[in-house]
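Following this line, the structures themselves.
Next come two complexes, and both contain subunit A; in the first it sits with subunit B, in the second with subunit C.
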Partner chain A sequence: MKLDTSGLESTSPFFGSGDELCPELSAAPSFSLPLSTDFDEFQKDTKATLKHAKGTTTLAFIFKEGVMVAADSRASMGGYISSQSVKKIIEINPYMLGTMAGGAADCQFWHRNLGIKCRLHELANKRRISVTGASKLLANILYSYRGMGLSVGTMIAGWDETGPGLYYVDSEGGRLKGTRFSVGSGSPYAYGVLDSGYKFDMSIEEAAELARRAIYHATFRDAASGGVASVYYVGPNGWKKLSGDDVGELHYHYYPVTPSTVEQEMAEVAGA
Partner chain B sequence: MARYDRAITVFSPDGHLFQVEYALEAVRKGNAAVGVRGTDIVVLGVEKKSAVKLQDSRMVRKIVSLDNHIALACAGLKADARVLVNRARIECQSHRLTVEDPVTVEYITRYIAGLQQKYTQSGGVRPFGLSTLIVGFDPYTGVPSLYQTDPSGTFSAWKANATGRNSNSIREFLEKNYKETSGQETVKLAIRALLEVVESGGKNIEVAVMTREHGLRQLEEAEIDAIVSEIEAEKAAAEAAKKAPPKET
Partner chain C sequence: MVGKNCFAIASDRRLGVQLQTIATDFQRISKIHDRLFIGLSGLATDSQTLYQRLVFRHKLYQLREERDMKPETFASLVSALLYEKRFGPYFCQPVIAGLSDEDKPFICTMDSIGAKELAKDFVVAGTAGESLYGACEAMFKPDMEPDELFETVSQALLSSVDRDCLSGWGGHVYIV
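After this line comes the complex of A and B, so read on.
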């Protein structure tokens, strides 16, 4: 497939044409590829030390009322927690959300690019693009960059003419339609809670609580997940952020510390 | 960069693109084609030149399908039509592949019109010498549509239209006689319009109908003959009715 550089056009005019004093507007923006034939092995050691390969927990599922999307907010580089407040649920447009797992820059950029493409589709065809179409556009772009080091594990969730839609798309070029997905290093833990508690007939509050608990449990056991558990709901009128709770506080909410009897006695004595 | 041939389509001093206008002339010399949109059906009719004796007329199909739910008829250079239709068919499938959705009639019309326009603004090529009538149903809403494109690359939606030889007469007839119809009534209207300029007979016209459920169907010569006889009977009855009242008084 032809490399899709449409996302790289008409952005910054400064492409380091060498002259720092008077940067000229380059003609056709392009990026130079590394002088290597084997892209997968290129700087493999450096990449291994950074090891931010999808250190996260994101999940999404379809239920009776629509789609529930949830994610943590920790970014880690190896053992270093670089941020506890990363927005991992990306708002593509008012009725479609994307989740971020893998390279933060890759996810952010290509979701933004997808938002542009969705809008152009709307303008040209006078109707909103379907979740199927949007996910297919993203999957085709990622496929054309296959083997070049993009790291994207995303879920596209939205509501279109045919109802709620959920697709999993990754940087290998895979694209799956489904009703329940979890992506990231914390996904096994999230799946455990999500799968055992899932029912199609849930109310919005029940579904939000299920999503929140699944993220919390994943952050509890997975070192690369933590921060804030954000929960979004996508319904017929678009998406809405339902909650963003610090997982530390969620822990004490689910497992409150009960003072032992000895301490209680001492308190009474002090009062008397 | 390779040197382009001198551009053939250039502006004249008074703002005309002569090549495009000459292409429209070629269209005016082509066989008449008519399209009518009903509430649940769309009909295309094309004038067929009287069958050359040795030619296998079944192979000559003037109304083609672009996809399951879209059909096209045209007037003008038939060889150009073949090229355009092939490109449109590829685009229909390409759209299905990239967005997992069939094209809408408007989308493919825009694509064909865009292609026709490109050839009026490129070096070394001439415009396509044909106007097309594109009919179909929206894949989700089921709404029927009729569109027309021309060599300049413009397109518009119509309730009923004609192109090719004597298209003005046909259009006048349609303007006078058009009303919202469905099913067989729409077919009759299209054939009546075509018969204004074509010698009557199933041999001289080709008609295809498209419905949401059954897709495109070419009418058999016998069917067309039957409808033509019906129309002629109605015409005769109308003539008789006109003559009768004065005699009564």
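After this line comes the complex of A and C, so read on.
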């Protein structure tokens, strides 16, 4: 199986060629692979215990003014909440965003890698890479690592010469072009709100409110989503972060508590 | 948690099926009599059934003995009922809290097959149990008055459930 190691090439391949003191610098970089003939079963039990369930909610949709991208910020390991403040919307470059669902390390590394390759493309071709091209680069890399346990469920959102672009790319090697996506364990709940409230002709504020509400409802029902609902907008001039609201505060904002009758009162109890 | 001639028993309010939240106002703590409360964490259907069986047994006891059950006796009853199902257990962990003779607070917890664990300060159960042990250990002081006990129990509960996906949505706190 030929792995796509282009992501690991250093930017100065000819540095120190012929230098016997540091042979590692001029050697081709690579991941060391386990000595196994069957990659699918390799350490299957260990991988299962790490519980890479995509416990998150992310969504993105295209509308008249551009692309709206939103995500929660909870990281969970099984039942334990490891963090309530994870950045799940990754800034690949000033006009492209990627969302994180699945393994955090996998998403962060490969998105940064994608950013490097996009910049190299810009320098080599004197024009920005399209969202189609960027998502294809990532999808090809992930396809070559298929079956090795990477867990990535990402959406690439950006604005290029053809207008707004949105692609869903995952670690199984799938790549889909679309106008509305939601990824993660909270996605069914987010889809419910997103699909029923979606109109192509929305203003930026309306679209942001729809995205925020969809994330809030997903964090209400899904235990693995929570924290802060971040909303980003991608327009012709690049991306802009619109808001980051704690979902607990959003709950009381959408459903304010009216003072109700007292549930239980302290009562005098007869002695034993 | 035990205070000065009083006790507090608290639970969260979430009812869920794995990751999906079904309800945010679920009552997990039930009264046996005015000075005895039991909180049942774990599988909701088992906790409802177990509670109904315990109320039944307690009412029979009241008819025969013409008085309420002491918390120590009740704990032994719960332990026996759970062990009856040793090879097909109820999937609940009870937390029992009551006032026994001379208003002395009594607390205990059990695993799902009835192993009693008595404690003088606090007992915990549930998915955030380990977190709760840490929080209670840090916040507990002996001989707290009811108001201070309420604050301590509430803060320990809230800070622990904030670190657990499967618990949350507020808390119910009973001070007796």
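The definition used in the following text is that the second predicted complex is superposed on the first by the 237 of 272 C-alpha atoms of A that agree within 3 Å, B and C clash if a C-alpha of one lies under 4 Å from a C-alpha of the other, contacts with A are read in each partner's own complex, and residues count from 1 in each chain.
In this text, a contact is a pair of C-beta atoms (placed from the backbone, for glycine too) under 8 Å apart; a residue touches a chain by one contact, two chains touch by 3 or more.
Only a predicted model underlies this, so the values are computations on that prediction, with no experimental measurement involved.
Enquirer: Touching A:I204, do we find subunit B (first), subunit C (second), both, or neither?
Expert: Neither: A:I204 stays clear of subunit B and subunit C.
Enquirer: Under the stated touch criterion, name the partner, subunit B or subunit C, that contacts more residues in subunit A.
Expert: On the superposition, C touches more of the residues of subunit A.
Enquirer: So, does A:Y80 touch the first partner subunit B, the second partner subunit C, both, or neither?
Expert: Only subunit C is touched by A:Y80; subunit B is not.
Enquirer: Tell me which partner A:I129 touches in the superposition: subunit B (first), subunit C (second), both or neither.
Expert: After superposing on A, A:I129 lies in contact with subunit B but is clear of subunit C.
Enquirer: Take the contacts of subunit A with subunit B and those with subunit C, and give the residues found in both.
Expert: Residues common to the subunit A contacts of subunit C and of subunit B do not exist here, since the sets are disjoint.
Enquirer: Going by the contact rule set out above, which residues of subunit B touch subunit A in the complex?
Expert: Contacts found on subunit B: 98-101, 104, 106-107, 110, 140.
Enquirer: Along subunit A, where are the residues that touch subunit C in the complex?
Expert: Going through subunit A, the ones touching subunit C are 55, 74, 76, 79-81, 84, 185, 220-224, 226, 266, 269-270, 272.
Enquirer: Under the definition above, what is the set of subunit A residues touching subunit B in their complex?
Expert: Listed in rising order, the residues are 124-126, 129-130, 132-133, 136-137, 140, 161.
Enquirer: For the complex, give me every residue of subunit C touching subunit A.
Expert: 16, 18-21, 34-35, 68, 99, 101, 103, 127-128, 162-166, 175-176
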